[in-house]
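Order as written gives the chain letters A, B, C and D; numbering starts at 1 within each chain.
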């Protein structure tokens, strides 16, 4: 009971903070003090209160983009187990639904981008859908390898791993899976080196350029959805990186939080020390993810 | 009896070669006429006294008249109409075609020995003569340009078949024999009508003119 | 009346449904309306006959006397046939209603008659194919279907491009028929009769040949790569409701053929399943990959049909593997998913084709580069198209997702409880399905976006015309039904499981499959989750639109990053959207680019255009065919007109035959 | 009855030659045709009339065996329909005298009836040669340069081929002579003691008959006269040729096949016939690809189907039913094709696809029949040729001729492509403007030129859906007789 409450409050509140952590780390690397950790929450609150500008070109699809993005992320997040704490809604095959919810959100966000009729947002949409066709199979193969390990068909079982924890023999594939998931996190959450969330040249953007025209509550929803996505994918990554649980709930929650913070810091570090790939390099990077998860699988069944 | 028959067959085969070697169409017509006329009575010789029935006499008579008299006249008429004298530069020259004919005759002999003949010694020269004549007919048909020459070739071919038919007189009822002759007559008649039309339409007997229908 | 009897009645009615319009000279609205009514009636009768099959035990096959040397008029109705009969009786009826608005017979008296007749016969042929239990009868029905569809597809045969596409289709379908000749001959030789009933005594080698020939003959109809060559052209150039029937229903009968033959034969060998699996994978990826490059709204849909057939084939392949390795779970999930997808695709693909027809009707063009911004003119059509596109991209909570969910479940089972040797292949299948899903989103965002969103790209919308309200409603009504079906099935797929399970069980020879499948796949989550999803989206939408209204924003255009005069041609068009994708998909797409950059101080007009020919048809088959006909041309000199030569032929023939025939002795 | 069937047409031919009116004369054709058909029906219905015993009756020259009955019926029926058509056709062609035309057709009917009836191979040969001659003036009907050329080639190649057939007949007789029996040309005598005949002569005879009658049927490579003749002759003559002449030539050859089969030389025959048949199909396909002249195209299609018949014989017993059925279905379908093609030719005054376009709009009825018959002849269900071809194919597969059957299907495909290209160019699209294509603008389908086509088409369709029991029995009887298990 408590766990469920914790779980939901964490899911609803923590994600923007993760983004805050990332930005903080980046500014520290840049030698600045940087914005407070809660900055993202402030932005969202402000945006929610602001009025919004809607282009006369657009239709309901334009509004549907953020709505679907937020709704899908909320549902997807409630399907994943956090640390050792199972999701209350797990069912056989939920893993497939989980993956396709991302597709649903992509469908509407990109459509919303096209709805504005702006060349830049069209460009962003085109890139978004292009990269997805490399990340999706990578994610699926990663999940399949885990399913193979755990012999289970639902996210809880798959992510929590076999009853006795992962056997040491499976370390190598797990590392590969972790790598693949790491790349997927970077790509899906449009972080460097795939995408630069706060560049100023629209031509080089992917995700940010898609939402150029969204303002006010719409943009707030988008930001929040983005942070939720970050949170969810990081959670999955954590399951592979630290697949352990002490019996004690509090300790486990703390471990989990620590993990999330660690991921955020890691992303921040990567963003600080790496540069964005040139657009045509990105597919190779993502293919890397595909290869990792693929070879992980091959290692498993061999 | 048999010697006479063989003599006739030899003559026939020699006539074949003559037909191949001659360029004046008129004389070729004559040669073939002689050939046909010679062949007419052979069935009577072949079967000796017991073979001589009214019907067969009639048939022989008809053959002689048709091949030796009627057909040549028909052809001479259309020859006159077309006023051409000779087959100039045929597809295969005269000497070569004579050699071809000789070769054909040889092949015919080989063929008949390979096939083996159970039909009594009578067959020993008939079959090669028949086959040789057929081949010569083909040679004329395929190496001459003038329409009339081809008709002649067809006649020679028919003669060859007629020769073979001699072996089977008892198998061929009078009706059929007459029918064959009638067909031959009508055939030559129709063909020569067509040749006349060709002559009118193309103002020549040269079948090289007749090559507009092709793929 | 027995089920089979009802179906036969329905077949008769649809066969004659063309008569009213034909007899009324092809140019009367009333005749057209009567034809449509007949088809709807036939559909209802047929459904009344079919639906019981999924619950009540299968009736005995019905054999009527038939005066042909080989073959009897024997028909039967089992769950497998039933699965395919349902769309046959639904889609064409809706298409006929749609046709009343889309294809006004008064405008085309000459073609109206031919179209009306062939449309009805097409339906009858398809239904007869699905119930035929005798090879000869099957062939007759098959060819009826093929020829009727050819006539229907070439209804506008005065257009050269229609004739070209029709020709390709005609040759393709004839190749298929000949392959079936061979296949059924082998079947007859091995089985001892032409009757199509399960025979466990087929010798394996001939069974293998039969399978390959079935793959060829039926694959051509289904449009499996590389046998798909006829499909895009035919679908694009047919009248839209005919395209809907062809793509939504007819090509599935190719799948039916494969399933029927495989179900008739003894334990299939493993390579069958993997072959089908591989071909399905190639078709799925290549089909959707090619779809992302097309500049013609209906060609996009056609290529996505290739993709969906591929998905069905993947499921069927999985089931075949399951059968040959004795894993009933795989059989049920794979086949269940495949059959489920047969239904789903027939719903959303016909919805999309009908919608595309409406768009073409309104804009007078099929070229995406001239469309855009239609959502303002046709809001309902836009919404339905979005729905169909989402369903086709297998997005929850719609029917497309439910179908693929079953197949995925099969994959996960194959992975988790599989023998190690075939697990990698299964995993690759899952990866392929995931890739295809992502690409489908790409292709259909592109399509939906360029057709309905943004601004109109050409001010003068071709020779299109705003259709009168009545006829537009006639077009919208069937679409609404189809869209509703997509949603309902998506929310509660569980309702269909028993039928699917039963069919899969029949196919796999597993006995009672319904309960087994429901045990394997539990859809209880779909309704609550789906409603939650829809509800939350709706709430958020409400909130945003209220916010938008509250903000009472002045009319503003899209922010153009500082451009002075953005024109509607500057929008990201279909080809530009696909370009980046194409660059990373070169392994499936050959895009021909043509253009000239503006250069110099005073540049003259530059231009740029891309086109995506069909790699198999335009880059392989056409050149080869041209080469072949040139080669044959050389042979014709043998026929040069000299009588002497002809006589030489006769002589040579004689001599050669004599030498060959007599001298040996 | 035999005499009546043979001599009535010849008599009427004489009568026709006497009738002065060019307009009234053609009506004698239907008279003969209907009478002939009636007599045929009588022969089939009343058992006594087909006086034939499987063993040689004393010197019986005339008699009807099952195969003969099938062919006789085909010729009779086809002629009856074609006769009405030609009344319509000659009505349109009052510009030309039709005395020879009518006489020739009737002469054909008379001589053609001899072949099925005759038990004597020589007699059959005489009759076939007679048909050759009587058909010649029909090809020549238009008196154009091209038609002269066609007639000349037809006569020369045809007569030479036929001559070889006579030689073959003699060889056959001689083979019994060499076997020490009395020389005989009687089918039943020969097939009775076929086993004794000397093999080499028998084989040589078979080969010569194949070449000789093959020339008449139009088997490649002896088919060369065919496209020219069919191309230049009026459509109705083409129909008679492709349905009638070829069929009787096939029957004449069939007799040799039967004897050879009885002699236990079936394997030899099939080794010869399968390649010949396939060759004909291949040649037909090659020359159909890119064929501009749709009447020549039909000629090649006829070549192809003669090849199919040969393959059917080559496959042997299981395919014989299909082969006999195919003779009929092919004849009927060819009738439809040639007659409707004749109408189209008349309307456009051209038979080249350069000028003939959009026939479906110009002559809806004829064009529709042409299209349907195209699908029929290429073996599409639900038409008659499908049944026959499919029976042959599955028999071929069943008999293990896998390669042959595969090639069969391949050539069928090539033929379909070649033929379909031409047919669709003719039928689809828009009608060219009058100035580019001078045709008879006033020409329309009328009853006499459509009704026969419609009836034939109905027959073709019927045979694809349901074969009447008596006809089926007849075919089975024929197949059994040919296969030698009568």
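Assume contacts are C-beta pairs under 8 Å (C-beta built on N, C-alpha and C of every residue); 3 or more make two chains touch, one makes a residue touch a chain.
The model shown is predicted, which means the values in this text are computed figures rather than measured ones.
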Steps in the shortest chain-to-chain touch route ending at chain D and beginning at chain A: 2
Core chain by centroid distance, with centroids computed from Cα atoms only: C
Maximum centroid distance from chain B, chain identifier (CA atoms): A
Two chains joined by the most C-beta pairs in contact, as defined above: A-C
Rounded Å distance between chain C and chain D, as computed from the means of their C-alpha atoms: 43
Chain A and chain C: spacing of chain centres that average the CA atoms, whole Å: 36
Computed distance of Cα centres, chain C from chain B, in Å: 69
Between chain A and chain B, centroid-to-centroid distance (C-alpha), Å: 100
Residues of chain B whose C-beta touches two or more other chains: 114-115, 138, 141, 150, 207, 210-213, 215
Where chain C touches two or more other chains, by residue: 636, 639, 643, 647, 662
Per-residue overlap in chain D, given as positions that touch at least 2 other chains: 152-153, 156, 160, 200, 204, 227, 287
Touching pairs - complete list by chain label: A-C, B-C, B-D, C-D
Sites on chain D touched by chain C in the complex: 152-153, 156-157, 160-161, 164, 199-200, 203-204, 206-208, 210-211, 214-215, 221-222, 224-225, 227, 268, 271-272, 286-287, 289-290, 321-322, 325, 358, 360-361, 375, 378-382, 386-387, 390-391, 393-394, 396-398, 405-406, 409, 412-413, 416-417, 420-421, 424, 428-430, 464-469, 472
Residue ranges of chain B in contact with chain D within the complex: 114-119, 134, 138, 141, 147, 150, 154, 157-158, 160-161, 164-165, 167-168, 170-173, 175-176, 179-180, 182-183, 186-187, 190-191, 194-195, 197-198, 201-202, 207, 210-213, 215
Chain C to chain D touching residues, read off their complex: 66-70, 110, 136, 139-140, 142-144, 147, 154, 157-158, 160, 163, 166-167, 170-171, 174-175, 177-179, 181-182, 184-186, 188-189, 629, 632-633, 635-636, 639, 643, 646-647, 649-650, 652-654, 657-658, 660-662, 665
Touch list for chain A against partner chain C, complex: 51-61, 63-64, 66-68, 70-72, 74-75, 89, 91-97, 99-101, 103-104, 106-107, 110-111, 114-123, 125-127, 129-130, 132-133, 135-137, 139-141, 144, 147-148, 151-153, 202, 212-213, 216-218, 221, 280, 283, 290, 294, 297-298, 301-302
Residue ranges of chain B in contact with chain C within the complex: 91, 114-115, 138, 141-145, 150, 207-208, 210-215
